[in-house]
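Handing you this structure, nothing more for now.
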Amino acid sequence: MGGGQWPVVLIITPLIGAALTPILARRRPQIAGYWALFVFSIVTLAAGVLMYRVSTQGPFSYYMGGWRPPLGIELRFDEFSASIGVICLIGWLSLMFSLAYAKHALPERRIPYYFALVLLCLGGMNGFAVTGDIFNLFVFLEILSLSGYALVAITGERIAELAAFKYLVMGAISSLSILLAVGFMYALTGTLNMTDLAMRLRDVEPFPVAVAVGALTLGFSVKAALLPLHIWLPDAHSIAPSPVSAILSGLVVKIGVLGMLRMYQILYKAQIFDLSALNTTLMWLGAISIVLGALFAMVQEDIKMMLAYSTISNIGYIFMGLGLASKYGIIGASVHIFNHALIKATLFLGAGALIHQTGYRNLEDLRGVGKAMPITSAAIAIGAISIVGIPPTAGFLCKWYIALGAIEAGRLFFAVTLLFGALFIFVYYIRMLNAFYFMPPAHPEILDVGEAPVTMLIPIVVLAMLCLLMGIFGRIPLSFIEPAVTNMLAPIGG
Amino acid sequence: MRALWTNIDYVASVILFLIGLYAIMVKGNLIKKLMGLNIMETAVFAFVMSAGIVTDGDAPIMGAGAKPPFANPLPQGLILTGIVVALSTSALALSLIIRIYRQYGTIESDDLWGVE
Amino acid sequence: MEVVDIRPLLAPVVSLMCGFLVFFSGERAWWRRFWSIAAAIVNLGVVYSMLPGVLDGVIYKFALIEFTPGIGLAFRVDALGMFFALVSSSLWLITTVYAIGYMESEHERARFFGFFALCVSTTIGIAFAENLLTLFLFYEMLTICTYPLVVHEETPEAMKAGRKYLVYTLVGGVFVLLGTAVTFQWAGTLTLSQTGILDMSAGRQGLTLLFVAFVIGFGVKAAIMPLHGWLPSAMVAPAPVSALLHAVAVVKAGAFGILRITFCVFGVELLQDLGIAIWLAAVASFTIVVASVIALTQNNFKRRLAYSTISQLSYIVLGAALLTPLAALGAIVHIANQAFQKITMFFVAGAIQRTTGRTNIDELAGIGYEMPYTMGAFTVAALGFIGIPLTAGFITKWYLSLGAMETGHWIFVVVLITSSVLNAAYWLPVIYMAFFKVSPGVRPHVKEAHWTLLVPTIVCAIYVILLGSLAEVPGMPLSLARTAVEFFFGS
Amino acid sequence: MRRALTLALLILASVPLLYAVSLLPPVGSEDNPTYTYVVPHYLEEGPEETGCENIVTAVILNYRGFDTGGEVTVIFTALMAVFGVLLIPRPAEKVRQPESAVPVSPVTLFIVRTLAPFIVVFSVYQIINGHSTPGGGFQGGTIIGALLIAASLVMGSERTQRLLPEGVRRWLQPAAVLMFAVVGVTGMLLFGEYLSYPIEGEYLFLRVPFLTLVEIGIGVGGAAIVASIFWAMEGSDG
Amino acid sequence: MSRAFDLVLYGLLIACALAVIRTKDLLAASIIFSTYSLILCLVWQLRGSPDVALTEAAVGAGVTTVLFLVAVARTSRRER
């Protein structure tokens, strides 16, 4: 197949890098950060090359150990795998942000483990995004989840461990329900390869498959924090170190959504039963998530807590888009996976910089920070405007597509919910901006704190720029996603 | 019903799965929750293994004198991985429990919610 | 004739850039003023350079990017857009000069002037939008950019007004977006370059709902009653903001949106078939009368102006809703007329406040002697609102009345006349108070406003007269409006 | 109340699960898709293609070696996680444990000491011979790890850790991940894909040594990780 | 391996699982959990999976139990 070994670089480098981190950083823990950044630069390069290949030559596969599926494990690079791009981008920027952050916020002994865990988490996500084998999917899911649980607890602050434990229990249940579903599918078909599975699922008993789909949906929606299953998220995402919050909120919850997309890919191809019940459920849960997530966020005082609830709201968008099952709906959901990752990373990193510089977390205390830290605050403002979906920022396109999808599917009600949900979201973001810019400071000394260090500023500014650019050049992610969605829906004539 | 009887292995793992889930949802003690989680894990492993059962299958080792039918090697490989994953989860969870106890002096979730 | 030209893009973008430069100039006053004026002049220059072409029937267009086939960011300069852009950018220059004087002692001036520039750039974007999506895009940006100006004072009252403003306008934005999405679904395009892209195939009921959604969406900014609540509260903003944004840019964006929806998305014929425009006309008439009545009861100068604005804006809506060429002409030309008249008044209010510190009408006794030029300008504008011939307001009333007669609904003519009477009722007392009522024992001495405040005021007042007396001279706004109307009504 | 509700919920959930289970292919039949689809290839060609008589080893190290690579990464992640969560700054209150947590009877001590060499030999046999007999790297490694744990319980962690000083431990912990990478990349350079082993040709002789190397890596890494997790949790390493 | 023996083992497993949940003494629960793993190990062995059985014995019955014991020793022994 003569494709070069970039897939290996993509998957293996972060794992090796993580394995070597504690050794290299034994004497001087601060080295760990630079090492991790270096390692991840290589990974990002690989991701870039692979994405370029996907975009020029179309999907391709890499066979681990040379064993063709169904014998061995296949890495599948298709349009949805292009999410490695966003994983690497945000991972890289978060790592860069971590350099200064970790020095300040973590006990020195934990720093090497922190960076090792971040690398493992990102590597796990890359693996999850590209693997074509459902059991391998589970393995990578565990790598990224385990490191995620630990990263939540790593500061050891306040309720960090409790939040991590809650996250761990919920996460483990979801992983198990996913593994159970894998078991069902395996028992029915005897294969673990996704493409193969889609073929072989065509002529089996539909009911067990339905149960498996239910278990998968349950598992992935816990990971994605869809509303009734979200209880772990606010604590975990607000207590984690800010760069980790960016990764968790921007990427790790999206892993659940990506899993759903993979499942849909298989199901649409297999056409084993009517999905409308599942779709309707997702749609409603999505709508409820949007509204309730926004309402919860409105009453928060802690800035990171607010952002965490806003993630729940935004996950609602994505699930609604998926559930609409119309072309534009799914396009909107997929684009929102990318854009929300960018936006939420901007916001969390920005919030992290504010907390790092001022030491305050509450909106009340942060008043007037817009004058003290103009660049960071401006980036947060862009992020906020973007997440509400005010044009011409990244968030707008998603809203537009999902609304279009709702109308396409003949469900105007959901379009209305979506758009008004966005307004709810705006209500709490405007509180934030008011506090930053239009209110006299509660603590006058806040005006004296300087702008964040440069390694923190660069990621924030780059992400904020991307929030704007992705709105203006919305075609770029779309050029990946549209063919993929068209392909995906082709069997049902969408 | 008959089908259930034939698939009694699956049924057993489903029951174990639910027992584990019950423990997680009802028990207040974090270690107990974790034990429930472990039971759930083994239940899922049993489930996957059941998919590969071959009546009177021998260990799939092709030494001299080995004769079919052999047991299905694939689920075994998967479960080997699964067991390690389960161990990892338990190790991390127990560490968290130890830390929680050090900080709050309790591992009963009823007491811990007050802490937040 | 359509020409691809970069200028439609250039107009908003260049001034946008200047806006950002204003931010970066921070507290360096000279640079801040330089960039503010430069932005306005460049903008005006670019817009004016297209005027001759547009008058000759040339249409400039520029497609920036496409999101998906058929949806993208594109600009197009037709007569109606040109008209709106011309009004906005001319007044921007004047207001900038005024604002520099007015804001001399204010805080956060970089923020103020920066967002001021952004607002006008987005207004130009609205004017030149080629499709509904672009229109919506700038419409929402305008909302956001205005917010910092409304809450500029940072007082609790200002914050409250800001919140109210955002809630109203963003809800409106949702309706516009919803309407846009539905339109795309039904029509398959969002272009504003035709006279109607929808047709009856979508069903009568659906189309009616769609029209209502659009009217609500744009009506919020156009302050149609009962969606007007934000406008009086937003008067806490500094006078130049009230002047430019709440007399010209923001509110006219709403009115402009309604014109676009009526003539470009639905089209005259479809609306006539649907028969819903008459209801819009009814609502507009209601607004005209009721807002005027409320204005009578207001003592605060700026609040009276605000209700007067609400009333005047509905002239435009009424003109659009009557669906006759002459009424439409009246509506379009009123964009300019009302703008110049109202901005004069706001300038006056601001100048009085800055110079004497008085904000209520009953405090204005004898002000005509203290500030004769300022109050002279005010008198001109007031006569314009009443509709005295040779002022701009007369032109509007004339064409609107003719249009109303065309439809045969005499009631609208009555409304217009009532409105004139009411206008007289609430402006003439002010003039009386200013010139004829001197507080006993006080000998007023002349204490005019600073020249940066005075010159723009007088320029505007002169324009009010020019617009009224030289309306038929080629090159004046009326000719541009005629071109637009001819296109919409296909004659 | 909560119990009753949970119970009701679970019983409700059990109905579809049990019904679904009853529709699955009958357990134990040789006609199941699980047994007729991929597995025959493994069973028939396995020894030939992979050089492993133990087909399970063939699956986990060769056909699905990537999974096992993931598996060792998972346990390494667990180690990092445990360290990250548990290790506190060094100078802080270092809880000095008594030499052994529980008073140990001489009998136990004797048993552990006597059995230790046999256990080690058994594990090493497992590790090295994993490709043809039951057991393999991870099982052997875990047993050694368990032995270390037992030794810590009996002799105290401090003394046991001297067997495996921190500098050495740090290198041994990632042994499995690194060994996988080394063998995988060698396979990639020589035979085409990551983790490929020769099926025929001049390098065929490398196949069994490679497998053994991986097994040793997994064994060593597993042992080091299991023991380190124990030490970290027990509090003697931190 | 006969069906009946299978059933007995499954019965034992479920009994052990229930016992783990019901036992208030966490130390005892850990030991019962270890027994549970050993029974499971027997089940795997009977199904021709010596590899899994070995792992389960070493990991499930061995290491996991030890870790549980450590955790119990470091926290509290009784469940409320």
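For clarity, chains are labelled A, B, C, D and E in written order, and residue numbers in each chain start from 1.
Simple rule for what comes next: a contact is a pair of C-beta atoms (placed from the backbone, for glycine too) under 8 Å apart; a residue touches a chain by one contact, two chains touch by 3 or more.
It should be emphasised that the depicted structure is a prediction, and the values quoted were computed from it without experimental measurement.
The chains that touch subunit A as well as subunit B are D. Just to note, of A-C and D-E, the chains joined by more C-beta pairs in contact are A-C. Centroid distances built from C-alpha atoms place C farthest away from subunit B.
Ranking every chain by how far its Cα centroid lies from the centroid of subunit A, the top place goes to C. Chain centroids computed from C-alpha atoms place A closest to the centre of all protein C-alpha atoms shown.
Between the CA-based centres of subunit B and subunit E the separation comes to 10 Å, rounded to the whole angstrom.
Computed from the mean C-alpha positions, the centre of subunit B lies at a distance of 16 Å from the centre of subunit D. Note: centroid distance subunit A to subunit E, computed from Cα atoms, is 37 Å.
Subunit C and subunit E have Cα centroids lying 78 Å from one another. Residue positions of subunit B with contacts to 2 or more other chains are 8-9, 15, 17, 21-22, 50-51, 53-54, 59-60, 70, 75-76, 78, 80-81, 84-85, 87-89, 91-92, 94, 96-99.
Multi-chain contact residues of subunit E (touching two or more other chains): 49-52, 55, 59, 63, 67, 70-71, 74. Shared interface positions of subunit D, defined as residues touching 2 or more other chains, are 17, 21, 23-24, 32, 34-35, 38-39, 42, 54, 56, 64, 67, 70-71, 74, 77-78, 81-82, 85, 134, 138, 229, 233. Annotation, chain-chain contacts: A-B, A-C, A-D, B-D, B-E, D-E (touch as defined at the top). Of all residues in subunit D, only 16-17, 19-21, 23-25, 32-39, 41-42, 62-67, 69-71, 73-74, 76-78, 80-85, 87-90, 167, 170-171, 173-174, 177-178, 181, 184-185, 187-188, 191-197 touch subunit A in the complex they form. Interface of subunit C with subunit A (complex): residues 65-68, 73, 111, 133, 136-138, 140-141, 143-144, 148, 151, 154, 159, 162-163, 166-167, 170-171, 174, 177-178, 181-182, 184-185.
Every residue of subunit E that touches subunit B in the complex is listed here, in rising order: 1, 6-7, 10, 13-14, 17-18, 20-21, 26, 29-30, 33, 36-37, 40, 43-44, 47-52, 55-56, 59-60, 63-64, 67-68, 70-72, 74-76, 79-80.
Contact residues on subunit B toward subunit D in their complex (touch as defined above): 1, 3-4, 6-11, 14-15, 17-18, 21-22, 25-26, 50-55, 59-63, 68-70, 72-78, 80-81, 84-85, 87-89, 91-92, 94-96, 98-99.
Every residue of subunit A that touches subunit B in the complex is listed here, in rising order: 135, 139, 142, 146, 149-150, 153, 156, 159, 161-162, 164-165, 168-169, 172-173, 176, 179-180, 182-183, 186-187, 235.
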